[in-house]
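Working notes for the structure below.
Labels run A, B and C following the written order; every chain starts at residue 1.
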Amino acid sequence: MKLSLRDVSLRFGGVRALDSVSFDVEPGTVHAVIGPNGAGKSSCFNAICGVYPVGGSVRLGDRELTGLPPHAIARLGVARAFQNIALGGADTVLDNLMVARHHLTRAGFVSTGLGLRRVRREEDRHRARVTEIAAFTGLDAVLRTPVAELSYGGRKRVEFARALAAEPRVLLLDEPVAGMTHHEKATTVALIRETRAVLGVAVVLVEHDMPLVMGLADRITVLDFGRVIADGPPAHVREHPEVLRAYLGAHS
Amino acid sequence: MSRLIELLAIGVSLGSIYALIAVGFAVIFKGTRVVNFAQGSLLLLGAYVVAALSPHTGFWPALGIGLGAGALGGLVLYWLVGLVPHGEHMTLSILTIGADVLLATELARRIGSRVMPTGDPWADGVWRVGGLVVPYSRTAALLSALLVIGLLFVVFKRTTWGVSWRSAAADPEVATLMGIRLRRVRAASWLIGGALATLAGLFLVAFPNTGVEPHTGLLALRAVPAVIIGGLDSPEGAVAGGIAVGVTETLVAGYADELGFLGQGAGDVTPYLLMILILLWRPSGLFGSKEAVRV
Amino acid sequence: MSRVMRTVGTVAALGVLVAMPFYLDAFWLQVGAFMMAAIIGAIGLTVLVGTAGQLSLAHAFFLAAGAYGYAFLAGEPGAGSAGTTLAGAGLPTPLAALLAVALAGGAGLAFSPVAGRLNGLYLGVASLGLVFLGQHVLFNARPVTGGFNGRSVPELSVFGFRLTGDEPELVLLGVPFGARERLWYVALACAVAGYVVAGRIVRGRPGRAMRLMRQNPIAAASMGVPLRRYRAGAFVLSAMYAGLAGILIALTARRIVPDYFGLVLSIEYLAMVVIGGLGSVRGAAVGAAFVTGLPLVLSHYGDDIGFLARPGEDGVDAATAVRMLYGAAIVAFVIGSAQQARKAQKARKGTPNAITITMDRARRALPGGARRRLQRQGR
């Protein structure tokens, strides 16, 4: 399903974090959002997720996301992997992935407390599915390990897997390889490619690693001071004078 | 009518005492994001030290030492909180509850069944102006609160130190990068909170009350609706909240006969009712910063 | 610990608890009933504070709602102490108990517009209000509560069989089964049920959602967890647990007075869950047994323990000693668990990466069927 942003604006006091940003993300593609520090990349994610109330319109297919609370947006199929790891540290990898199934499952306080058979079946079914996703992301060996005991790269991977476990239509990846070793980076890039190919989801990627973005993205939107300064395929964006100026600080 | 004016005058002066406690809460919360539930026992500690020393040293030296004791108490709490690195704010606040139980129990044991007067110079004197009766002690409370809180706000707004305190409260990480020593600034918040509590304690036990009792510390909890009404992270709001609580309490107690349906001692609890009503209307208080995040 | 060992341990512990009334005297049975009541209350609080991360100092209020709710609903109208006239619904006692739990939950639900919107600390501060308002009502609503002197609590009975009384007479294996013995089993059954239910919730879907909500509310919301509903849900759940605990306290004490349901009681419950480790159901049970049992035992054997003063004497009496002890326990456990966590983290730094899995391995682990299922995004 296509994700479209139209004239999305967000202000913090006098600062314009986003200034009528518009772009479209096609299903089955990786769409990178890049820009210098403070250009509004993370604000963009927060706007899509409904964390901040924004002006303009964010749509998924023909559903309007603007104005919905974050959990309702998640329910419609938008999942996010956080830049600074936001996992439950003491919980196991399995439990962390199971949280992502929240909107696909129904067991409430009462039925869980009573241990109804319906609840146990649901739990088994989703645990099996989560185990598959863990295998897909190479986490099957550590399913029962508390997240806090994993390495940084490992936790980053769980962050990615959790977003995937939500069965998203749109996958938001906020610097998924930041701080990773070279080897871990390569694995994650392969995973993102695989996700695009196998699942056909729309991937929105915020990343600082330029060679990686140029190699991976199908389309790139460049933000600077909250505005879109370029939008297009990597080859096009790479040559764009505004982009060169924003990145290199060259005066035209 | 004159009764209403008298009640308002007393309410505002009582409110100024609550404001002192509430500003202490708010300064500590804004500075370190911890709710100091031990504010009550700090208040009791300061008042107890003043009352215990004043027969020997006279009132003013005792007050000085008492303020020091309250401030030191605040510092000790800060040190305790510092033993929990990267602690959740909720856990840290629970820690202060434990410290409160410890300190309050020990002080209550020392005080025993006594009522200890602080020997303050206002004693039981009252102003009588055109049928209005207001105790000296309450006038002193109002003036002291105005002076101290006013001074504090000037320091926050105008001095370099105040600027560093505010920026540390707003964004600790950036403040550190700017070369502000976080530990000092934070310790100062607790120190100020402790001293303010002591001052409030002094006036709380003064006339029409008779002295320090084991349960004096519980009075600090009256300031809780004040900070919530004003907004936990707003010292300015704490002043407004304090006055609102003082006036509400005094009015409801003053018109107890007319408000009989509220039950005995309704004055003591209406502030809490007011607090809950205001929370329903504005979850972050009247002056508190609304969290931008919609969660 | 293996599964078998754990099962054996659980069965053994239950066996001991079931056998207790045959060996303990009335005092210890009463201590036990109070402990089990507190265990239920503490389990409710640890789910709210530890799992959902919502601080509450209002627990005493909901304990009172259960206790007084039961006493009123089950009680017959009549003369109370000090010339008051008591009202009472006179319902069958098991029904009254159920309704009292519902009443406590309803009180929690009524507060949920506040409880759902405030996070963590704010709720802790705001919930103070409920304790004071609650106590005010207890003192003043005399026809319902009996006012300052409180009201007595009807025994729980089913078809004339007193579950917490002495009639009809009953002797098992030569041991007379009176009120204390029967109450023990009622309390034990409630505690075990409360323990099992809370354990399931904490391990299951609601528990996972609440734990993430406590640690990172934005992440939880972005994963589809409706925060307000869970905050309110946890609050209502803990209120119902407190209600049940309140009923058992009322049945054990046989008379309830408003003074008991004050802020100190809320703080005692907080001490229980902190001592047991926030969010741990088992820990809450241990903490509750400790905090409840200790003062009862100390005051019972106070004369035999040398260093404690009698009430009225100089020095530290039992009540003071206990308060200091759990005040210190809160401080010590908060600091202790933080230091422990830090040490564990330091120790971890030396260990090699837990993930050394290559993409190849991940691919091999993915059979064709799984791949197709991934494509279907099966729910």
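Please note the rule applied: a residue touches a chain if its C-beta (ideal position, glycine included) is under 8 Å from a C-beta of that chain, and two chains touch if they have at least 3 such contacts.
In UniProt terms, the chains line up like this: A = ABC transporter ATP-binding protein; B = Branched-chain amino acid ABC transporter permease.
Nothing here was measured: the structure is a model prediction, and the numbers come from that model.
Engineer: With chain centres defined as mean CA positions, report which chain is farthest from chain C.
Structural biologist: Farthest by centroid: A.
Engineer: Using mean Cα positions, find the chain sitting nearest the overall protein centre.
Structural biologist: Closest to the centre of all protein C-alpha atoms: chain C.
Engineer: At what distance in angstrom does the C-alpha mean of chain B lie from that of chain A?
Structural biologist: Here chain A and chain B have centroids separated by 46 Å.
Engineer: Taking each chain's centre as the mean of its CA atoms, how far is chain B from chain C in angstrom?
Structural biologist: 32
Engineer: Hey, how far is the Cα centre of chain A from the one of chain C, in Å?
Structural biologist: Roughly 39 Å, centre to centre.
Engineer: Give me the residues of chain A that touch two or more other chains.
Structural biologist: Residue numbers touching two or more other chains: 51, 69-70.
Engineer: Provide the list of chain B residues touching at least two other chains, using ranges where the numbers run on.
Structural biologist: Chain B, residues with two or more chain partners: 293, 295.
Engineer: Could you list which residues of chain C touch at least two other chains?
Structural biologist: Those would be 218, 221, 227.
Engineer: Where on chain C does chain B make contact in their complex?
Structural biologist: Those residues of chain C that touch chain B are 49, 53, 55, 111, 113-114, 117-122, 124-126, 128-130, 132-133, 136-137, 139-141, 217-218, 221, 227, 263, 267, 270-271, 274, 278, 316, 320, 323-324, 326-331, 334-335, 338-339, 342.
Engineer: In their complex, what parts of chain C are in touch with chain A?
Structural biologist: 196-198, 200-201, 204-209, 211-212, 215-216, 218-227, 233, 237, 345, 348, 351, 353-355, 357-359, 361-363, 365-366, 370-371, 373-375, 377-379
Engineer: Quick one: in the complex, what on chain A touches chain C?
Structural biologist: 49, 51, 69-71, 73-75, 79-80, 82, 86-91, 95-96, 98-100, 102-105, 107-109, 112-115, 119, 123, 129, 132-133, 135-142, 145, 148-151, 153-154, 157, 162, 166-167, 186-187, 190-191, 194, 198-200
Engineer: Could you please specify the touching residues of chain B with respect to chain C in the complex?
Structural biologist: Against chain C, the touching part of chain B is residues 35, 80, 83-85, 87-95, 97-103, 105-106, 108-109, 218, 221, 224-225, 227-228, 232, 263-266, 268-269, 272-273, 275-276, 279-280, 283-284, 293, 295.
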